[in-house]
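Before anything else, here is the set of structures, which you'll find just below.
Look at the two complexes coming up: chain A is in both, with chain B in one and chain C in the other.
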Partner chain A sequence: MKRKRILKNFIFSWTVIILLGMVILSAGAQDATVVYTEGDVDIDHGYGSRELALIGDPLQNGESIITGPVGFAELERNTSTTITVEPDTIFTLEQTVEDGEERSVMRCTLGSVAYRFQQIRGKEPYLVTPSAVAGIRGTEVIVTTADDGSSLFIVESGTVEVEAEDSRVVLEAEEGVEVRPGERPGEKFEVQRGGIDFSEWREARREEFIEDPVSSALALERRFSGLIRKVEELAPVYAENKRWLEHERELMKKIELEKGTDAKWEYYREKVYPLEVDTHNAFITLRYWAKSAFSLRRFVLGRMYLSLKTSYIENLQDPKFVEFLEVYRRILAGYEDKVVPRLKDGDLI
Partner chain B sequence: MVNKRIGYFLVVLVMLMGFGSCDMFVNFFGTTIDERIDSFNDDAKAGNYSSMYSHFHSDTKERDDMKNDPNTYWNTTPMASENYIDSYSVSGDTASGKLKSGDTFSAEMKRDGLDYLIYQMDFGTGFDIRRIE
Partner chain C sequence: MIFRNIIRMACAGAVLCSFLLFSGCATVPVSEKPARVESLLARLEQGDAESNTRLTHVPFVLDGEIMATRKDARLMWENLAGISGLFSDPEIERIYPAGPEEYGKFAGTADMRVFFDRALPENTTVVEVETSFGSFLLLVSGKRFGVPVLVGLKGPVQ
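Then we have the complex of A and B:
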């Protein structure tokens, strides 16, 4: 009887150890892990691949969590960051390069995401919405994005710096700010914990947009113009780096013929390798801005169009809708012309 | 009696799981770290950019980029400068060594079943590190 109990304990202990080991090994490799889901929650892997999110699934750079009307998910990152994704939300993990260093980006394209950062290793991530970018310092923050691309940042603890249209607002605990697309952050306001009904705020933004769609579309056009400017600034930098890299590689081959292999590799270290790194960084940054514009087009502008068409379905000749369509088509033309060539086929699926 | 049999079965199962993680099985049936690094290097030398993604673990973040746009991806790496792996040694799950240029590289490997795949690679030294991840 006693031997049996010892054997049982032995088997149980080893099974637990092995399972724990497997969990720890798999958790260390990914950017975030889904620790809880409820209702409709999908992981969009990019390149057209989307599947149901399950507890324990990893979420990596470039991947999104998409929750349905009753979907809810919680993610953990490095055991020190908790990300709560509310219903009807699109949350994406990305990365960009700033001053030669990679920075993690957490994007809330639509809906509401709450972040709790207990301890951050390395550079702090950026929290991005269609209308603003926020830097954080030891923080609990809730980010909500409305259908028209407006966003609301509410800080529960720590400090958040919200930036939009080259203007910054620093939020401390129990402070919030609203940012509309293409506009500077609004006046910050005080907020008590749990004092804001985010669904009410989103609905109010939606009603305002239906009432005055042209203003919302023009605001979004300003935001698009800003993103296209970034793409246009970086595209020639990347093209020039690429061209220069090819030129230097040819030169390297000539040096080998004329001065030998050692001279070739010395030239590689001095000239070619730094250029490889710069070209890669330019590519990553260019892609980041192009994908930001894509995200705005797909999830914000696309939804705006659908919502408005549904609201004006009985009178599509209404001047408000007609004027909105003009701005909408103008945005699409700029997007197709300047952004789409910078995206890959897989990004567009 | 039945409980005893289940007990033996579980012991054998646990032992098999333990043995399964041994390199002995990888050596016989899977791809070792050396084999993986060598075949990655062979593909790089042959300019087979479109198949190089297959040496990387599915957890590697940039694997989709390697697969879907291999020329753009590999063009900014030392491989496109004909700077291949010259020599290396393996310690644990990491292969590290030198490139043709004399610069260093290290590759963190990760198992998928019985196959070792590259999870992350660092080229260069000091602050100027080009990471494939």
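Then we have the complex of A and C:
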């Protein structure tokens, strides 16, 4: 009888280990590999570690490719996805959880990235920009962003659903849409293959920002506030899950002492394990929204500040600059207060 | 015989001088030498955006911002290219090592704390300088084309 119980526990323990291993391996399978580089291409590993990207280097979750003015990189993922990172771009691989399932996230914070998905194993990834999120189905799509955080989605084949501010637009082949920060997706438009000059579009957005920096900063603030709302919604859920999990783990220890190992494992299966999964999912999702807010603050707001400070350096009392600074400081205060506590030091580099 | 002794002493003197010279170079980083920092400022003052970008480390600091890309460096120098006197007549007031505790001089934020703690290049120094344009705080480090590289800039400090 005792031997049978030991065998049962042994099998259960190994099942858990194997399942965890599969989760880790599937997370690893979401990484990409650098298959081609040209010019300045760096991999940012986080924690202040940044090095030249070489062909064959893996890009793991949480890491970024940063290309210089003449930098260009191509990445492959599971041999069925090709990611082309254009010059002056920051591209990051991340993950989130939706309906209990992990989804990979491909974030283009600045610059331009082209994606070709031939065959997707598991859930489709999300394509994220500072102003929108897109879901894809068997797609070739180009995503480009401007210095003010606006983004442009152009679909070459397949279908893309672009979502911003709780509003969705479905794009089919040879269609595109522009999304400005804090706004719903604009009207979709037809695109002739090669018919869009991305640098012209980026320059137009930049000129508009320089002309009216306060409106651009306010739009960014709206987007930022939306991200903070998500963080604030999820933070108590995660805290409560974590607290409850600790409580259940203590109970499990007591059950083992009072009723034996079998009862402990049964309690683990029924109560603790589902709670562990929920807590993990809440953590990943909370981190995703916090990282989204970080990207917006660091890369988009940071570049806005640099552009204006250096443009107005001879007259820092100019009302346009002063008004911009007011919005800028509000965003920074929200970031320090609500976002930073949700990130680790290594995320802040 | 006397001539041979003179040669020996001259050789020994030369060896000693080179030792002192090279050991001096090895212990004092370029970023701590005021003359080299002034040379950097003179080059930046010339206002060539392309060469100034090459003299800027990435990532770099601008006031309280951490700028991650070479495009940011280029954009900054393109905008500053037309400003004359930004770094002219520099008077260096202080140069000291940029330890992790100095982050608050640029911004008292978590981002800056982590940047100073983990991402500053080796031998980075803080330079307090007064130019005809105003007071600036600089972060400089390393060496490129004989001068240190700019890692951070704050100012003109109000």
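In this text, the second predicted complex is superposed on the first by the 319 of 349 C-alpha atoms of A that agree within 3 Å, B and C clash if a C-alpha of one lies under 4 Å from a C-alpha of the other, contacts with A are read in each partner's own complex, and residues count from 1 in each chain.
Going forward, contacts are C-beta pairs under 8 Å (C-beta built on N, C-alpha and C of every residue); 3 or more make two chains touch, one makes a residue touch a chain.
Please read these numbers as outputs of a predicted model, since none were measured by experiment.
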I'd like to know which partner A:Asn61 touches here: chain B for first, chain C for second, both or neither.
first
Classify the contacts of A:Ala204 with the two partner chains as first (chain B alone), second (chain C alone), both, or neither.
neither
Considering only the touch criterion stated at the top, classify A:Gly302 as touching first (chain B), second (chain C), both, or neither.
second
I'd like to know which partner A:His280 touches here: chain B for first, chain C for second, both or neither.
first
Chain B versus chain C as contact partner of A:Ser311, first or second or both or neither
second
Quick one: classify A:Leu52 as touching chain B (first), chain C (second), both or neither.
neither
After the superposition on A, what does A:Asp88 contact: first (chain B), second (chain C), both or neither?
second
First, second, both or neither for A:Leu245, with chain B first and chain C second
first
Going through chain A, the residues touched by chain B and also by chain C turn out to be 47, 345-346
State the interface residues of chain A toward chain C in the complex, per the touch definition above.
40, 44, 47-48, 50, 66, 68-69, 88, 90, 110, 298-299, 302-303, 305-307, 309-311, 313-314, 316, 332, 336, 340, 345-346, 348-349
Which of the residues in chain A end up touching chain B in this complex?
4, 7-8, 10-11, 14-15, 18, 29-31, 45-47, 58, 60-62, 242, 245, 249, 252, 265, 268-269, 272-274, 276-277, 279-280, 283, 344-346
Help me check something: in the complex, which residues belonging to chain B touch chain A?
3-4, 7, 10-11, 14, 17-18, 59, 61, 64, 68-69, 72, 75-78, 80-81, 83, 100-103, 110, 119, 124, 128, 130
Residue numbers of chain C touching chain A in their complex, please.
59, 62-72, 74-76, 79-80, 83, 86, 109-111, 114-115, 117-119, 156, 158
